[in-house]
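Letters A, B, C and D mark the chains as written, and numbering starts fresh at 1 in each.
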Amino acid sequence: MAETSVESVSAQANQGVKGNFRWVVRHPIWAFVVIIFLFFSLMTDTFFSLGNFENILVQTSTLGLIALGMTIVMINGNIDLSVGAVVALAASLTVDIMGWPMFESWGNWQILPAVAAGLASGVLLGALNGLIVWKTGVDAFIVTLGAMLGVRGLVFVYTGEQSFFAMNFAYSDFGASRFLGLPTLAWIFLVFTLLIHILLSRTVHGSNTYAVGDNREAAVNAGIRVGPHMMVNFMIVGFFAALAGITLSTQMGASTPNLGRDYELWVITATVLGGTKLTGGAGNIIGTFGGVLAIGILRNGMNLMQVPAFYVLVTLGVILIAVLFLDKQLNRKGDGELRI
Amino acid sequence: MAGFVERMRNGDIKSLIARNGIFVAFVAFMIAFGIGSDRFLTFDNLESVVRSSAMIGIMALGVTIVVISGNLDLSVGSMLSFGTVMVVNLHDKIGPGPAILVMMICVLLLGAVNGFLIGFVRLNSLIVTLGMLSAIQGLTLIYSGGKNVDVNPSTQDTTWFRVFGRGEVAGIDMPIIIFFALASFVGFIIAFTPYGRRVYAVGGNPTAAVFSGIRRNRVVFSTYIVSAFCVGIASIILGSRVMGSQNNVGQGYELLVLASVILGGTSLLGGSGSILKTVIGVLILGFIQNGLLLLGYPYFAQWIVTWIVIILAVWLDVAAKRGRLLSPIA
Amino acid sequence: EPMKIGITQNNVGVDSYQTTYEKAFIEAADADADVETVVLDAGGDVARQIAQIQDLVQQNVDAIIIWPTNGKAVVPAVRAADKAGIPVVITNSNIAEEGFDFIKSFSGPDNITQGSRSAEIMCDKFKDMGIEKTAQIVQISGQPGYTTAIERAKGFEDRLPEVCPDVTLVETQPGDWNREKSQRVMEAFLVKYDKIDGVYAGDDNMGIGALNAAKAAGRDGIIFVGATNFAVGYEAMARGEYWGSIYQSPVDDAKNALATAKAVVEGKDVPFLNYFDTPKITQDNMDEFTKPVF
Amino acid sequence: MSEAQPVLRLEGIVKTFPGVRALDGVDFSVFPGEVHALMGENGAGKSTLMKVLAGMYQPNEGRIMIDRKPVVMRNPIEAKQNGIILIHQELSLAEQMTVAENVFLGELPRTRWGFVDWKVLEERVGSILAKLNCDFGPRTNVGSLSIAKKQMVEIARALTHHAKVVVFDEPTASLTDAEKVVLFDIINDLKSDGVSIVYISHRMEEIFTISDRITVLRDGSYRGTLVAADTTEDEVTQLMIGRSLDYSRNIEQGEIGDITLEVDGLSCGRLYSDVSFAVRAGEVVGFYGLVGAGRTEIAETLFGLREPTSGTIRLDGEAVSIGSPADAIANGISLVPESRKEQGLVLGMNCRDNITLPQVDDMTAGPFVSNGAEIAIYDMYRDRLDIKAPSWRSEVGNLSGGNQQKIVIGKWLAMKPRVLIVDEPTRGIDVGSKAEIHNLIRELAHSGYAVIVISSEMPEILRVSDRVIAMYQGRIMREFTADEVNEDNLVQAISGVGNGKAA
């Protein structure tokens, strides 16, 4: 067909010009990460050092782990606002259970059932959210907005408003431990990032995740069991929220009922900055990783530059919008686009 | 309205209930609490609940319109902090009238920034308003230097500014009157004017709206102006009620406001929803908090009950619309 | 070379106290040629505070002052700083005992004592009025889960039965350090309880919110006792509407913290619990105090 | 064939929606290896019946038998397991994914490790696409395809399975002739493999080309089954709409007035270039060309949706600049867009509000929209276009495809424009209504409108146009008057051969 050859010739020419920028166009957040990285390296003496990079990795690992799960549910066309509350629940459960008298004789092994219980709580709440979304057909935004309040309530019921302290120092030692030259928490984050990247890009479940988010009705028609599929994804995000709560509590050796407040908003921000669409069907882990790093570097860099607290808020807000704007400019479509 | 009357005449009560699941939820709820506590259905209590819901309610009016047009506004909470701090701070300096004027202009400007970025530049509304949430919070702190602001105590009882939060007309508190007046006004505009029709169309299918000659950019822009206007009004009431303000008074309101809008059955996808239902949503949320307090439950019980009620109410609403309880998704 | 002292605060801008503290801290540091500071704010988030402590360790400051967002959760971070050889001073509200080994000193008010003192103020007033056998009171506490809120409530609740065993605390609800929230909570209390003789609020800001509600409902004769005396509270006392509070100066708080940290760096001896005094203030003795600046 | 047992039998199927009895005791049976056409007016219940068959809807009454065993199919998955595949009337694709992923959606091949087996996937899809003569590869993004090609992707799905029954619901509504030929070959192949086909279309000539038997539905009830070889178009039409069609009722050309719209040297990037033509009041100009020829893009430019890179547009002799559809409407230009779902309708709104949307500003009583005026307009076009909807309050999204299209047309006719552009106006419209719409277009021209008709159906172009403009790859090749034009020279002009003036 003649008209396609016209198209493809010009498309090829296009590729030649833009070839090198293609990757950046697909992940504009990484351009931004590089820019702020250079900026803070030049502006402060303390930013550019291995120790600081490790700090950034560990500090972002909390948001980062949750963002992995959030990316999946958002590609799926859903959202989970309850992650912050799940962070607090898992942390409180884990830290508390490890101190139960029944595990006293277990020594350091007492950490295991506690961690298992913490993770299970996240997975279960995820399953509950997913089940409600599936069976009632109520939008995930609403279901998880409710859960965000309700789970926080459960945390307060469980803890009686108290913070818990991990008597077993092995727990917080783990949070500070290193493995093969990197902080263990950084490893956990990196390994799960890789796993989820593979899950999304290589497996059937990953492909279905995109399909369901892209066009739920089409997915139903094509015979994907959309309900259970979504439920699994909610369980994944619940797992990661719980895991983040646990790794965070290993850093603190303690838990507080207010842990994870506002995390949902920051995680969603990082994910969207990474190119995941709120409407579903698009996004990837490479972008999310960039989004998480961007927020981590910004916060760390501004701390090191001693930006006054009030201005940090303004700067963060403005930068969020600026990145979105950058993304829009890079992804501008050609003359095929209508002026809608 | 005409449809409503007609359906009543046809005796089609079942379909009426089906279409308005949220009202049923509301009534059931009021009865339950009325049985649980003898104070619940007293005039004083009802008035107190509606009064304390009025600010969330007024903000929810604007957010409803934003959501109907297919967007979100998460910046209302920090905008409320900003407006309240500003109007209270300026009250003693330039007098209540100018203070209100200057504050309204500033808040509308913030709304215009939202509207411009989302309507004309076409940036994602969730992230823009989230960014604005943070930026406005910072602006507020810079403006106030982080300090609480207060109306000079010696004028607190004499300034006419007190009317908005503390005044009464015919025994009814002013915030309630403003809330219902504004709700009727906005409700009529959105339901019965060409402007309202355009807002629904833009939310329902933006492409088709543009193909129908609607200037989508302007419509989206305008919804954020309306939202900012509502926040401005809420700021006046809050400032007047408290006669002072903190930099974080509005923190967390964005999600409460959104929750009540959604509770009323406005879909986040845009194109549907109504002010009347939002008002019901606001009242349900207000009564949950109050009802449990009266029954003597601790505050975190409110959160758990809110969880259950939000899901049940919205479920009832969508189930009624689709005519079956469970979703057909396999 | 000046010494470098880093501080991570709880949540600047959440109320005037913290803001005034920050200002006073920076002013005091600027006035002192020997000190250079890194001033950070955790925004109320424990995780962010831990990150900030790590960043300060990374910068190798000479001392770290921490205003804990949570007394327990910062302990491992404090321990890490201590391991890195950086002395830590805690300010305003203390950390959990488990962390005492890793800090040089605590500088600040004693929140439990403050709670007890508020209970005493309340009780003394009831005795004056002769209603200590029948009085019913309500409590409006600070943001749930935060140390200051918990300690003040605990101090109050423990002390009250000791001094006035017949006074009943009928209900406690949080006001989140927020005047408007507190006003709403009080409105609900007023509907619910026909008899309220006293209100204890976790700070004056919330106390004034409660007072607003009582005034609007036309309920006179309620005794309001708060903590952290704010300017609005002081003025309300002057008008005779508000009974008493605890006088606590953020300027003293800040200066005390900086001085403690400086002394630690210089290797001087400092008391481990370096409390500064927070006296009772009521309508009777308020002339002895200047009006708070915040 | 009649002695064989039906592979599929639907008995007494009843399906109701709030306020509508969409199916009222329909019987329908399909024999192995036959092509069974299902016909009926818009809203007769064809798609609903097929959705019941595919497990998307549960019937209120009646039963489904496959191989003489009653089955209950609660969802599309179970239908698939029973060997039933439905190619939807409305496209049902994941737009942001590749062709390959879409074709095997829900059943992607796996490797031993549970990963997607891309190699196998691409091979299998590649061979299916080759069979369908498609010029795009398995890795192409579906979102970048034209509607016709998306339709081919849908059709490709039918070939992934060994199905018992394949249902095509109006597959040709947006296919070109070339693709149609491929489709019919595929259908014949399937048939010779013993697969049964249910084929829905409003195009008589297709029905008689490929079907063995024809079942007609009317207002949700069964009207009869005819053997294709023994019947005529007229008989089928009679059964469908209760009367014969009178194709000759073509309204005479009225008085041709002054030039209303004039386009001079209009270009828009790579989409089309150097386009010049004029339309006079009282005249219908048809634009014909292959899909992708750039006709839609010209219409969109005139309607303010694209910015031309060069050239001028004149209305009544005055140059105008049209920045948006709002400007276009203010200038008296209307466009019935190509894609009803995306561009034409707000699916969640009711019928009345959709029809009056472009002019809602003018329908006020005081500050409020006037209920009466709106309903009057709705009623008028409902009657004219024979729109079948339970009431004006029905959500447009719940109407049948053809009735949705009628709402779009009604919406733009109600504007009473000076220049009316209609892009593929009768896509999915039944024969009766189609004739009615053609008459309407003629009538409008007669009363002084300037009308542009874009269509890929040659009979339609030939029937309504006073002049025909043939386009090829973004350029005007030739202009014909109604007297000159015929099928042969038109086909020649749009395929780029011959003596087109711009060639």
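Definition applied: contacts are C-beta pairs under 8 Å (C-beta built on N, C-alpha and C of every residue); 3 or more make two chains touch, one makes a residue touch a chain.
Note that the structure is predicted; figures quoted are calculated from it, not measured.
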Exercise for the section: Look at the interfaces A-B and A-D and say which one is made up of more C-beta pairs in contact. Expected result: A-B
Problem - chain C-chain D separation of Cα centroids, rounded to whole Å - result: 71
Problem - Whole-Å separation of chain centres (CA-atom averages), chain A against chain B - result: 30
Completion exercise
CA centroids of chain A and chain D: separation to the nearest Å works out as 43
Practice task
Just give me the whole-number Å value for how far the CA centre of chain B lies from that of chain C.
Solution key: 33
Exercise for the section: Could you list which residues of chain C touch at least two other chains? Expected result: 12-13, 144
Practice task
Would you please write down the residue numbers of chain B that are in contact with two or more other chains?
Solution key: 141, 146, 207, 210, 298, 300, 328, 330
Problem - Junction residues of chain A, two or more chains touched - result: 156, 220, 225, 309-310, 312, 339-340
Exercise for the section: Report the complete set of touching chain pairs. Expected result: A-B, A-C, A-D, B-C, B-D
Handout entry: chain D residues touching chain B - in the complex, by the definition given at the top
Key = 18, 74-77, 303, 305, 324-326, 328-330, 335, 337, 342-349, 353, 357-358, 360-361, 363-364, 367-369, 371, 393, 411
Completion exercise
Interface with chain A, chain C side, in the complex: residues 9, 12-13, 38-41, 43-48, 50-52, 54-55, 58-59, 70-77, 79-80, 96, 98, 143-146, 150
Exercise for the section: Mind listing the chain C positions that touch chain B in their complex? Expected result: 12-16, 18-20, 22-23, 144, 171, 173-174, 177-180, 183-185, 187-188, 190-192, 205, 208-209, 212, 216, 230-232, 235-236, 239, 294
Completion exercise
Counting only contacts in the complex, chain A reaches chain B at residues 81, 132, 134-139, 141-143, 145-154, 156-157, 216, 220, 225-227, 265, 268-269, 272-273, 278, 309-321, 324-325, 328, 339-340
Completion exercise
In the complex, chain B touches chain A at residues 74, 117, 121-124, 126-128, 130-139, 141-142, 146, 206-207, 210, 216, 255, 258-259, 262, 267-269, 298, 300-304, 306-308, 310-311, 314-315, 318-319, 322, 326-330
